[in-house]
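Multiple structures are listed underneath, in structure tokens.
In what comes next, chain A is part of two complexes: it sits with chain B in the first one and with chain C in the second one.
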Partner chain A sequence: MSVTDIQVTICGSAGDGTIAAGDILKNTMASIGFKAIAFDLFPAEIRGFGKCVSRTRISSEPVYTLKPEADVLISLDDTHALAHIREAREFGVVIHEECPIAPAAEGSQVAEYIEPGHLPYQLPMRNMSEQTTNSPRSRNMVALGFLAGLLDMPRDAFHATIARKFRGKAKEVSTQNVAAFDAGFDAALAVFKLDDVRFRAPAEGAETGAAVMTTGNEAVVRGCLDAGIDSFFGYPITPASSILEMLAKDMPKRGGRVLQTEDEISAVGATVGAGYTGSRAATSTSGPGLALMTEMIGLGVMAEIPCVLLVSQRGGPSTGMPTKTEQSDLNLAVYGGSGDAQRLVVAPTNVYECYELAGYAFELAETFQTPVIVLLDLYLSNRHESVALPDDPPFALTAGKGLSEHDPDESYQRFAAAADSISPRAMPGEAGGIHTITGLEHGAEGRPSDSADTHAEMNRKRHDKLRGALAYRDLAVTERHGDAGKVDVGVLAWGSTYGETLEAMKQARAEGIRCAAMKVKMLSPLPTAAIEAFMDDCGAVLVPELNHEGQFANLVMSQTGRPVARLSYTTGEPMRPGDILREIRHLAEGRGPRVVAQGPNAAE
Partner chain B sequence: MNRTRYVLIGNGAAGNRAAELLRERDPDGVITIVSRGTLLQYRRDRLNDLFDGRTDWRDYLVNAPDFYTEKGIRVRRQSTVVKVDADAGSVVFANGEAIGFDKLLVATGGERYLPDDLLDFADQCHFFDSYEEAMTLRRALPDGGRVLILGGDMAAIGLARKLREHGHGVALVPHERSFRPHLVDEAAQGPYLAALEKMGIEVLAPGPIDGIEAADSGSGAKRVRFAGGGEATADIVLPAYGSVPAVDFMHGTGVEIERGILVGATQRSAKENVWAAGNACQLEPTEKGIHIYNRDLVLQMGEVAARDMIGDPLELFEPGYAQELALDADGGLQSIFFD
Partner chain C sequence: MADTAAQPIYLEDRIRKIEESGRLKHRSKALPTWCPGCGYYAMTEGVTLAVERLNIAPKDTVIVSGIGCASRFPFFMNAYGFHTLHGRTLPVATGVKIANDRLTVLVVGGDGDGFAIGGGHIPHAARRNIDITYLLFDNGIYGLTKGQTSPTSVVGFETKTTPYENRDVPLNPLMMLLSYGASWVGQAYAGHPHFLADMITDAIAHKGFSYLHIMSPCVTFDKTTNTYQNLGMKVRPMPDDHDPSDRMAAMALASEIDRPAEGLLYREDRPTLSDNLDAIIREAGGTPPPHRQPAAAE
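Moving on to the complex of A and B:
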């Protein structure tokens, strides 16, 4: 078999270089043509010695999610790694420190807890680091080198990645890290390799250099930049802060404006205001911030102002679990605010789509003259995938009906009726485009009105115009995968959970279950026609999602009037493909829909 | 509840048998097997099968990992014991870490004996005492390649038989420790060496080794120079002089050590809380001579030790094993160490 499919978990304490080692591993693998997906866990505390975990899956085939078990577990700190020992699979490798700085108390040593099915490799990481760099700080590089040597990974590719990573620092930093890496690599060459973890050279023709490891938030930023974002207003909040940080670095170089405001309300207010002026404007936040922003979203809807909100969900409600993932802000994104304030909500399912939908969001906002929410989640924001983003961005730098599409023989009406319910939009100060803009209900010319007919007509207009977003250019709002035609089980999923869905579907099909999956990238308006066509083909439909209430299932059932089976739980961790597979099997046996909301592995 | 902590140093037949029996008789005890190696217990005596293509180490495991998990037996591997404090009930590892015990079984088996004249040349040699060493030897031996066995204990002679089956050339340099663990005086080795020659093994003249070096061919072959003159070349040089008890770390603990840890009929040492079994221990000689430990006997020792550790002593085995090497009617070699 020539397939490589290895998952490496590195576990350490903040300051051990856990995440740095994981970064070098995944970037090296992506640079030589492997597909990779990675997700790092940080402590919620900003300071201290909390646990850091870096998980990277490396494959010669496309992969959609992390595996539940690691092939290799590296402990840089036994106190944190103890809880993860069982993450290593049977006959998987556990690499750990041989010579702790002080003898550890009985019961606190990884060596005591390594499972009988694991293959232990003790390594004097600290001593080796001190011998090669005069400092114990490069233990992470020693461990990484040992891993690379153990699995016969290409040494030179790691050297290149290490050099890139420390490019901005003194040359000595890179040299010392390479030396520590080599010490580990050479040590691995001297040990007998017992494990059955197989790393094989990338397939001939595998594209090298095209794909780079990119997080969801990095892809969002690149999408914004490629779409020509002009203005960004933000207030930091996990897990969206890095969007603000990266844009603050890159936008000014391109003539853009970035302002960190005093709070989320100011941020969204400024974003709506900038959108009104014709600026391509965005803000970013998480659930608690979105809750504060809903009033201004209503203004954007009412006044038909384009703007983009980049929202990454985390565990809630309230402050909730800031460093844990969840999909529980769907209701807020779709419905949040007063009145019938329908807006566009798009939800990427992988890192490439973070780029795609962030970029298209500006076009959609301008075309349909409305706020657009790009709904991510922490797992998607922070996970790395090897993706090749296009050199030639697919986004139009201007979109929507301008004042020129207004009949010059008629007086200008900002909210005039139209066949597609979209009115020509004049920018402030544009000659011939004088109009009134307000949060009050208004007539075609924009002046306030509380006429019953006007309110009904304008509500209809604001909803109808959004239907066009379901068929916008070549933007696919749903995609079906797996078996074609009639199937026993269909899985309908959104957001990051779609990766786990694909893995589960793949396994179900391998077991002989006829199975298909559909991703839904547009949540508002919901592409009901496509969803109903999919449901027509399915003996049963399962909706897996990371929230307690089954918010997407509720949305689908309310808009299609059809039942679905639910799998919804909130552990703060990504959904396990095995849980989805278990429900697929249950449904394939004709045992009917059920609700599984108590947590993973609760059913059966 | 006070759970008895059993520490069993050694991952061979005696230690594992003892662990299994301890678990049967003491469901609550904390049982830890300590091993220097990386693998769970495996059949070292079957490693000749590597040359039949059976190269996956999993095939040699005595028990699957689940066995240990289900029985709650910890196996702490890659852990070298450097010191035991029997009075304090503590085992100290090379990295300075320590674990406590209430009852200790030393079942470390034997470690390779290497004559002084070979110590400087060990890096030019291959060995066959573990799976890793055996695989390394197998990989280094070319098709039809030649192996030079120095000494020639019974494990190496078993390997020689297998190598001949597969068309390899085998030569042997006799030594006073040839045929270990059988005890055969050098003067009495003649008929047995003749039996080896009948097996197609070339028997060279004995003599101390003056040096081992890479042959000139660049093929990885080695040249062995003898002190008395002459030399031999081979792809693999395999010293095989039998083993000696691996009990150095037990010196100073209060147990009595001669050829191994001296034990009584229930495998208990001079220390109340320390037992020994297998090649690490020395049984009292019988009128037939000293004991030759084969696998069956080692398993029994582990069982007897465990029974005593749980307070249910049993003098199980018939301590009459003193079997000599023998020749069959056709002059072929007969040994309890052959399958």
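Moving on to the complex of A and C:
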């Protein structure tokens, strides 16, 4: 059975339609049953001619990371594409402009940088665009059509996607884009076909349209909506702003209330107030906003209030790198705030889990009466994966012990002792449950108390109750992949890095290394039993993560007492599977663990 | 007065009258811990009388307090209470109200909680016209932490943090709230407890964001400036000819800080935040849910 696995990189300048072309490509592929993962790079400035890069990997099998090399490179702007020529693999295709608009300076054309082994296709994109649409603006569609024709992709599927994309606009927009696309497609039909880059429709007739290209943020929003989110308070911050914006649009349609607050403190403050009052409430932010929110999180922990925080990490510390990805807010999410303020922290590893964990967060918050942080990152927020979200969401729309579980003949105590350390929770408006909550330490009835016994007892209660989250309903907090039983090297990863981990593990096993990987979806409390069982099977354990200090490695080591090898670096880009593979090989050769924190290109 | 001869006041009669009034159902069993003579006693009685007069059930009342001497306020009342963080009462109260419009939400805090650390939240609560009542207790000092200057302390005030006398010009809270677009702005004085109770009643009854500025002494840490004697001499009745629908006239009154007028400075009626959020829901094609009230077992 032949497998399709093609990665297309499109480079252009802002305004060339680079991202739009990638958008049409990935949505078309998803609509005919392919799995796809895509991640775009935007210029840092709002105006100007900055570089855009759209990368899409199309496969007949599930994929969780982009390949380091592209099978096809399309240049819509040679100036920007020059830096990416090497990204096209040996025997990869390079499609570029045949007729530059003006005499070009030497060394400024892609044509001069084609490597031996590349398969170049020069295309008069500008002329073809002018001929079909009277404007050079559709060069991107000409190039995309050419690629589709070259690879025998179904023309109609592209037409359908283009029509859908420009649905709300004037008819000519759609017809012009289709005309430009067809011009490129027809030109390709006459061209020498490649044997090497193969395109095969999926073997089984895939349920067309079941999978939709979705970003992490879109999946988070769907999870919130499917879990019945009732109120949302947010403050704009890259890369989480789109969560607030999408909910601002969708929640009112379902009777929900959304408020853009004046800052992150008031956003989480309102979330806590609404959660206390019985509303399914959430806020969203990134690292700098989470830092502001820590005091309120402490209040939520101390007063046992359900609330959800959706956090997408970016380059730090401080203002950091707002448009680059990183995993350096683990410490903040797990530990941030004064005192022993443990809370629930879950971390999705792919776009589907963004949906799953955002949805489960609300019932977790209500069941365990505590803040829940869903910790994703910019790479997950902004990347597209083809996912099929369930028609019948798995989330419980109500959860947690309510006032009805309190014996009405007894006087009500908000923080009454219980076998599972979770007390029946009364909400404002309910008769028979009047109480006051406070950030001060308090006794069972909620009144302030700083006695030694009370504080020890309450700290124990607040921590013990969270243990139940490790085995909550059908939510798996760890998953193991790869070789079963004893292995030479085990990789323990969290967040988006798990995608690259799977890729590296696959290649390591192909090289004959016995290798397994475990993803950890709950960071607090940490599933130490499952992690230790995994480590028992491994000759050596590697923890790869996108931060400088090895925050997850530190967490694992501090809670299991066992050493791990680390691969910790911060380039602002997703981790490279090749770097993880290199460390796996190193460990498999029995050369012992080494700390790698200086960069991805460390010498062997 | 019906008769002019002084009548003896019998304690038992007085207590029986208070019990018969029914308003003690709004008080908890906990005895207040404020200093004897503190204005918070008048404020507590005022709130008790107000919710009784307005027939608001304890279970439908939420009292949100900040950090300061106001902190313990909810514990002395029989109502749902939330003692929150310093300066963050308004965001929390916003969340409470948005979650359930049927609740009467009262916010209590001091001048430091409100205008120092909390200052950034006040404009937005006011301009959004959130239907909550903000009872601001202004004694020009930080009392709970034992006597430091606050944003409303007068120039020349000597405290532990200004041993060489305060030089910073104090804020004018009433002017600020009027410029923030608050739809109800009033002023009262803890030394006039009956009038204070009336003002609290009106503030709660108003549909929209009500700001009641309550002048009070800190009897323990300010023996020189905002005493009952000095405040009693400064406070004057609201001029009869003041038109509370005239914002500029209200600001003129607010600027007369040496002769603060007690009463209603300004009021207007306009859609509340909840009104607007429900209008948005309808415009989006949704239905406002009936409303976010947990099933009550009476």
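Following the convention adopted for this analysis, the second predicted complex is superposed on the first by the 599 of 604 C-alpha atoms of A that agree within 3 Å, B and C clash if a C-alpha of one lies under 4 Å from a C-alpha of the other, contacts with A are read in each partner's own complex, and residues count from 1 in each chain.
The definition used in the following text is that contacts are C-beta pairs under 8 Å (C-beta built on N, C-alpha and C of every residue); 3 or more make two chains touch, one makes a residue touch a chain.
Everything numeric in this text was worked out from a predicted model, so none of it was measured.
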Partners on chain A (chain B, chain C) - clash or fit: fit
Partner chain in contact with A:A104 - chain B first, chain C second, else both or neither: first
Degrees between the directions from chain A toward chain B and toward chain C, using C-alpha centres, nearest 10: 150
Which superposed partner A:K506 touches (first chain B, second chain C, both, neither): neither
Residues of chain A touched, compared between chain B and chain C (which is higher): C
Touched partner set for A:P428, first chain B, second chain C, both or neither: second
Touching partner for A:K165 - first (chain B), second (chain C), both, neither: neither
Which superposed partner A:S279 touches (first chain B, second chain C, both, neither): second
First (chain B), second (chain C), both or neither touched by A:E90: first
Which superposed partner A:L119 touches (first chain B, second chain C, both, neither): first
Superposition-derived minimum Cα distance between chain C and chain B (Å): 54
Shared contact residues on chain A - chain B and chain C: none
In the complex, chain A residues that touch chain C: 230-231, 233, 249, 252-257, 259, 261-263, 265-279, 281, 295-296, 299, 303, 402-404, 408, 427-440, 447-448
Sites on chain A touched by chain B in the complex: 90-91, 98-100, 102-104, 106, 109, 111-112, 114-117, 119-122, 192, 194
Complex interface listing, chain B residues touching chain A: 32, 38-40, 57-58, 65-69, 73-79, 95-100, 131-132, 135-136
Sites on chain C touched by chain A in the complex: 30, 58-60, 62-64, 71-72, 74-75, 78-85, 88, 90-96, 98-100, 102-103, 120-121, 123-124, 273, 277, 280-281, 283-289, 292-294, 296-298
